[in-house]
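Take a look at these structures.
Both complexes shown next keep chain A, but they swap its partner, so chain B is in the first and chain C is in the second.
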Partner chain A sequence: MAELKDKISALCPQPQFDSEGEFLLVTVDDAQWHALAVALKEQLHFDQLMALVGMDWKDSLGCMYYLTNTATQEIIHVKVATTDREKPMLHSVSDVWAVANFQEREAYDFFGIVFINHPDMRRFFLRSDWVGHPLRKDYDENPELNPLRLDDEPNEDYTCTWVEDENGKVTKVDKKVFEDDEYVINIGPQHPSTHGVMRYRTSLDGEIVKKVDVVSGYIHRGIEKLCEGLTYPQTLLYTERMDYMAAHINRHCLCLCIEKALGIEVPHRAELIRLMMDELMRLSSHLLSYGCLTMDQGATTAFFYGFRERELIYDIFDRTCGARMSMSYATIGGVVADVHPDFVKDVRHACDVIEKNLKEYHQLFTGNVIARNRMIGVGLLSREQAIDYAITGPSGRASGVHCDVRKTHPYSLYDEFEFDEVLDTAGDSMARYMVRMREMEQSIKILRQACDKLEAEEGNEFVAPKVPKLIKLPAGHWYQQVEASRGTFGVYIESDGDPKPFQKPYRMHFQSPCFNLVGVVDLTCRDNMIADLITITASIDFVIPDIDR
Partner chain B sequence: MEVKKPHIKSMKYEDFKDNEYIDQLVAELNAGGVNVVVGKLDQLLNWSRSNSLWPFCFGTSCCAIEFMCLGAARYDMARFGAEVARNSPRQADYIMCQGTITYRMAPALKRLYEQMAEPKYVIACGACTVSGGPFKNSYCVVKGIDEIIPVDVYLPGCPPRPEAMFYALMQLQRKIKVTKFLGGANRKEKRLEYVTDGKD
Partner chain C sequence: MFDFSIVTNWLNDALNGAMPSWLATTLECVIVAVALLLAYSLLAMFYIMYERWVCGWIQCRRGPIRVGPWGSLQIFADVFKILTKEIITLWHTDKFLFFLAPFLVVIASVMTFACLPWGKGMQVVDFNIGVFFIIAVSSIGVLGILLAGWSSNSKYTLIGAMRSGAQMISYELSVGISVLTMVCLAGTMSITGIVEAQADGWFLFKGHLPAIVAFIIYIVAANAENNRGPFDLPEAEHELTAGYHTEYSGIHYGLFYLAEYLNLFVVSGIAALLFLGGWMPLHISGWDGFNAVMDYIPSLVWFLGKAFFMTFVFMWIRWSFPRVRIDQMLALEWRYLMPMGLVNLVVMAVVVTNGWHF
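Showing the complex of A and B:
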């Protein structure tokens, strides 16, 4: 860490360091930030922006940037703030890391921070006529300001860029989203193949897609704001309703983050149960994505096969947790209750059945001529692009990015298990599909090992014995990431160390994998046929509530 | 002619938990008096309508996954004649609203509802659509879709199990069986009020 400090000091005059937390914190002025960002990327190879967390520290507004070096897996975070609350402005880094494009739009929407030189400074989640920025601490929650509007929302034909001239004067430049002679068709928000309520404004030249403007926010539920009004154990429920196909994993992540902050040691058996639930969830998620991808290409039969096996997994959840979806099973310090007596037997059975049927899936779909023609070489995403857009999970690994958090930063008990990180290099729709299919085999492998371990485990401990009744975090901030079924899921918690008995988080941010995935829709669909837009988005496989939160 | 209590094949009348409102609807119809010819024709219409309900695919979040399970092999919606999920509101009979409706989505939902052909029905599926559910305190979540469109059946749960979805579907079938379409539809006026509400 000291070595890194010296290197960064050489890049930029007088940065402030704080190495007390888990990662090195660098605080810089906004004026130096853009130059430092370029240097960090080009000289120190911090080539991926993992998370961008907008913050309101009451006296100042700003952002936390979590950066990672994909070669060494080193992580640092940079704090940039401005004290101007009336017209907060920061320099955009969307030209350095492409993923910052949507991330900064989110920060603008939530905090009103304008990013200078950002190419497309529009709101991301809320309607264009929304008053105020909801995550600011001084936000006026008066429902009369933002009533339920039933009139149709106007199309945003113009966007703007805030340009800075040599004297430091910032001016707003309007520009058009689509040119006058472009032929734009609208897909969504209600469309069966967008996998939820997502809207693409698509510019076409004949049948070829020229540009996709993603309009998101149709299922933006304000989870981050809601979390600020609840105690820590209460916030757990929202994690399951973001990416409902990774409910256990997301909840596990938030539990890990709170446990890290409190220093709670989770019993080995409890952690093992959580890990098994995570892997079952991953299987269920990949089976669903198989079903949806096939159905989007017209192979309805394959959809039924995928759902047949998912019911097996749902039965296991049902017996142990008492619910098929939104299980609310993991808790701070372990799990809520012990597993069902037949749990291990059921898991072994499910593993056997799914392993046997995976061959059937390949017979049904993988070798199909139509499927191969529609997926091979379509929707290409290169390794560099995947890193630039912070694409993780199966979609990232299909482009050859080594990004499985279970391997790069082993959490839970993953370092005790033997499994392979599935990698492909093609980066097309077929590779993304195949990575998922092969990952299911790895999940089965992990589950089988876990079954043996759970049987060998003595006692029936399922929760840490000393979890405080009232969860109170010391002042500070923490970041935890896990490998969710669609990519790296991160939780950022900032606590002000409030001494009140029912402490609420000062800020909680969820860095969802699907938010980054939707950023490449424009890139991958460009110059492809309009019909391939559906296949490509299905192979990227995002869950809309996870994007919008 | 006397209007009888609705009977559906799948479940006995007594086994349903909330029969009061069905009783009330039957009493209302009987009080108005029903012509035998029109009544018989109505029964035929109701029988056919209640057994071929085509849903409109409208899933915004978690409940949509359970709805997909409903369509898959184990639960098999086809047993109720409701498997033909339509992607266009023009072709659907009822809209099963699965998932939270936010302020941004609300105008779209209202428009989709208005595009459906009469007779049309709404099932509010899941806690979010009934009352806002876990997101009730949010700044941009509609507190129950009955603020926007009229609802026929409320189905709680987060998300409801497929069995619960069948229960809601059967409730809707029973409701359709005691509707009077000919000679004065007993629900039409209320719907029109809703439709004109937003425009004036």
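Showing the complex of A and C:
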């Protein structure tokens, strides 16, 4: 870490360091930030922006940037802030890391921070006529300012860029989203293949897609804002309502983050059960993804095959957790209750059935000449682009990015298990599809090992240690990431160490994988056909509630 | 085998004896039309149920089972529902064309439907150019689809209409060529003639390789012609929500639906006519006892059985394959199917002139 500090000091004058936390924190002024960002990427190889957390520290507004070096898996985070609350402005890094484009739009939406030189400074989630920026601590919640609007949201025909000239003067430049003579078609918000309420404004030339403008926020629930009004145990339930296909995994992540902050040790059995639930969830998610991908290409029967096997997994959840979706099973310090007596038997059965039926899936769909023609070479995403857009999970690994958190930063008990990280290099829809199919085999492998381990613990039913009844975190911030079904899911918690009995998080940010995934829709769909747009979005496989947190 | 023309001739004579001939002809037309329309709607209902049962079976589920025995009354419930739905008229649409379109589609399918060889002597008219007539009237359908997409004033329907225009006109060629191949083998365009020519063996078995190739081309092209998966691009639910009929509601939508299922029957019927001997029973030369038993089965049953079998094949394809993309679909037709069909036609001509067929 000291070495890294020296290197960064050489890059920019007087950065402030704080190495007390889990990752090195670098604090820089906004004036130096863009130059430092370029240097960090090009000289120190911090090529991936994992998370961008907008922050309101009351005296200042700013952002936390979590950066990863994809070669060494080193993580640092950079704090950039401005004290101007009236017109906060930071320099955009969307030209350095492409993923910052949408991330900065989100920060602008919720904190009102304007990013200079950002190509498309519009709100991302809220309506364009929304008053105020809700995650700011001085936000006015008066319902008269933002009444329930019964009129349609105006179409945003114009976007703007805040351009800085040589003298440092910033001016707003308007530009059009689509030209007048473009044939723009709305795909969504209600559309069978957007997998939820998502809208793509698509410019077409015949059947060819020329540009996709993603309009999001139709089911945004303001989970981050809601969390600021809840105690820590209460916030847990929201994690399951983001990516409902990774409910256990997301909840596990928040639990891990809070446990890390409190220094709670989780019983081995509880951690094992959580891990098994995570893998079952991943299996079910990939089965759904298989089903939806096939369905979007018109192979309706394959869809039912995927759902048939998914039912087995939901039955397991049902018996142990008492619910099929939104299980609310993991809790701070362990799990709510021990597993059902037949759990291991059921899991083994499900593993056998799914393993057997995976062959059938390949026979029905993978080998089909139409399916192959539809997917091979469609929606190419190179390794560099995947890193640039911080694409993780199966979609990232299909482009050859080594990004499985279970391997790169092993959490929970994953270092005790033997499994392979599935990688592909083609980066097309077929590769993304195949990575998922092969990952299911790995999940089955993990589950079988876990079953043996769980059986070895017979008689031990200790799954929840004593945790304080009132969870109070010390002042500080923590970041925890896990491998969710669709990519790296991260939780950022900042606590002000409030001594009041029912402590609430000062800021809680969820870095959802799907938010990054939707960022490549425009890139991958350009110059492909409408049918390819559907294939590509299905193969990238995002869940809308995870984007609209 | 019972010849249905005995009944029709008797009816004709009886009517002509009792009234002037113009009235008799008019009355006959009315009787035929009523019978046909009745058969049309009953078959459509049966086909919708048939598709549901087959598709449920393929997809490991039970399909409609609640209403009536094996869900057989489900379709009546659905028909009543669709009849009571409001027909929504949109702003800024060409109302005349918008309302005309579903009827054009239905008219096309009723007219082709009327020409099918239902059984021995069971035919509306028997021209010498029957096959030609079928191909001609079935093309009216594409006009209805294009109009529907165009007059709805919606971008989705427009894309659907453009796709269907490109698709149906392209695949009509392949259908036409494979039909021609079989006409070449039969030596006649008359529908009865084609069926009679298959008395000693169905064309699929009689015509050697070119007949089998023509059969495969016909299955692919007819699927496309019918807008059914894997060629359901004009509807392409996952891309265009419902394609050309996105904006239709109530019975207007129902008419498209009806025509789609009846077209499925029509193409199956034509396949049965051209390749599987129409209403001709299965005869194996030498097996006289077997042939005699086969003759006892009524010709109508033979025809419907063959048509339902072909439909099953079409459904099997639809529920197994993913959808092709527009460029792949056009490439398949213009680069592979049509050249193959043309070569096949020449091969068939050579086979026929040299008498190499059975």
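To be clear about the criterion, the second predicted complex is superposed on the first by the 543 of 549 C-alpha atoms of A that agree within 3 Å, B and C clash if a C-alpha of one lies under 4 Å from a C-alpha of the other, contacts with A are read in each partner's own complex, and residues count from 1 in each chain.
In this text, a residue touches a chain if its C-beta (ideal position, glycine included) is under 8 Å from a C-beta of that chain, and two chains touch if they have at least 3 such contacts.
Since we're looking at a predicted model, the values are computed, not measured.
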item	value
Which superposed partner A:Ala531 touches (first chain B, second chain C, both, neither)	second
Greater residue coverage of chain A in the superposed arrangement, chain B or chain C	B
First (chain B), second (chain C), both or neither touched by A:Asn373	second
Touched partner set for A:Pro465, first chain B, second chain C, both or neither	neither
Partner chain(s) touched by A:Pro154 [first = chain B, second = chain C, both, neither]	neither
First (chain B), second (chain C), both or neither touched by A:Arg308	both
First (chain B), second (chain C), both or neither touched by A:Asn146	first
Chain B versus chain C as contact partner of A:Pro192, first or second or both or neither	both
Contacts of A:Pro545 with chain B and chain C, given as first, second, both or neither	first
Partner chain in contact with A:Gly298 - chain B first, chain C second, else both or neither	second
Set intersection of chain A contacts, chain C complex versus chain B complex	191-192, 304, 308
Contacting residues of chain A [partner chain B, same complex]	125-127, 134, 141, 146, 148-153, 189-192, 196-197, 217-223, 225-226, 229, 237-238, 241, 244-245, 288, 291, 303-304, 307-308, 310-311, 314, 324-326, 544-545
For the chain C and chain A complex, residues of the former touching the latter	55, 58-61, 155-156, 159, 229-230, 232-233, 236-241, 319-328
Chain B residues within the chain A interface of the complex	57-62, 64-66, 68-69, 72-74, 87, 99-100, 102-108, 110-112, 134-135, 137-142, 147-148, 158-159, 161, 198
Complex contacts: residues of chain A adjacent to chain C	183, 185-186, 191-193, 204, 207, 294-302, 304-305, 308, 364-365, 368, 370-371, 373-374, 529-534
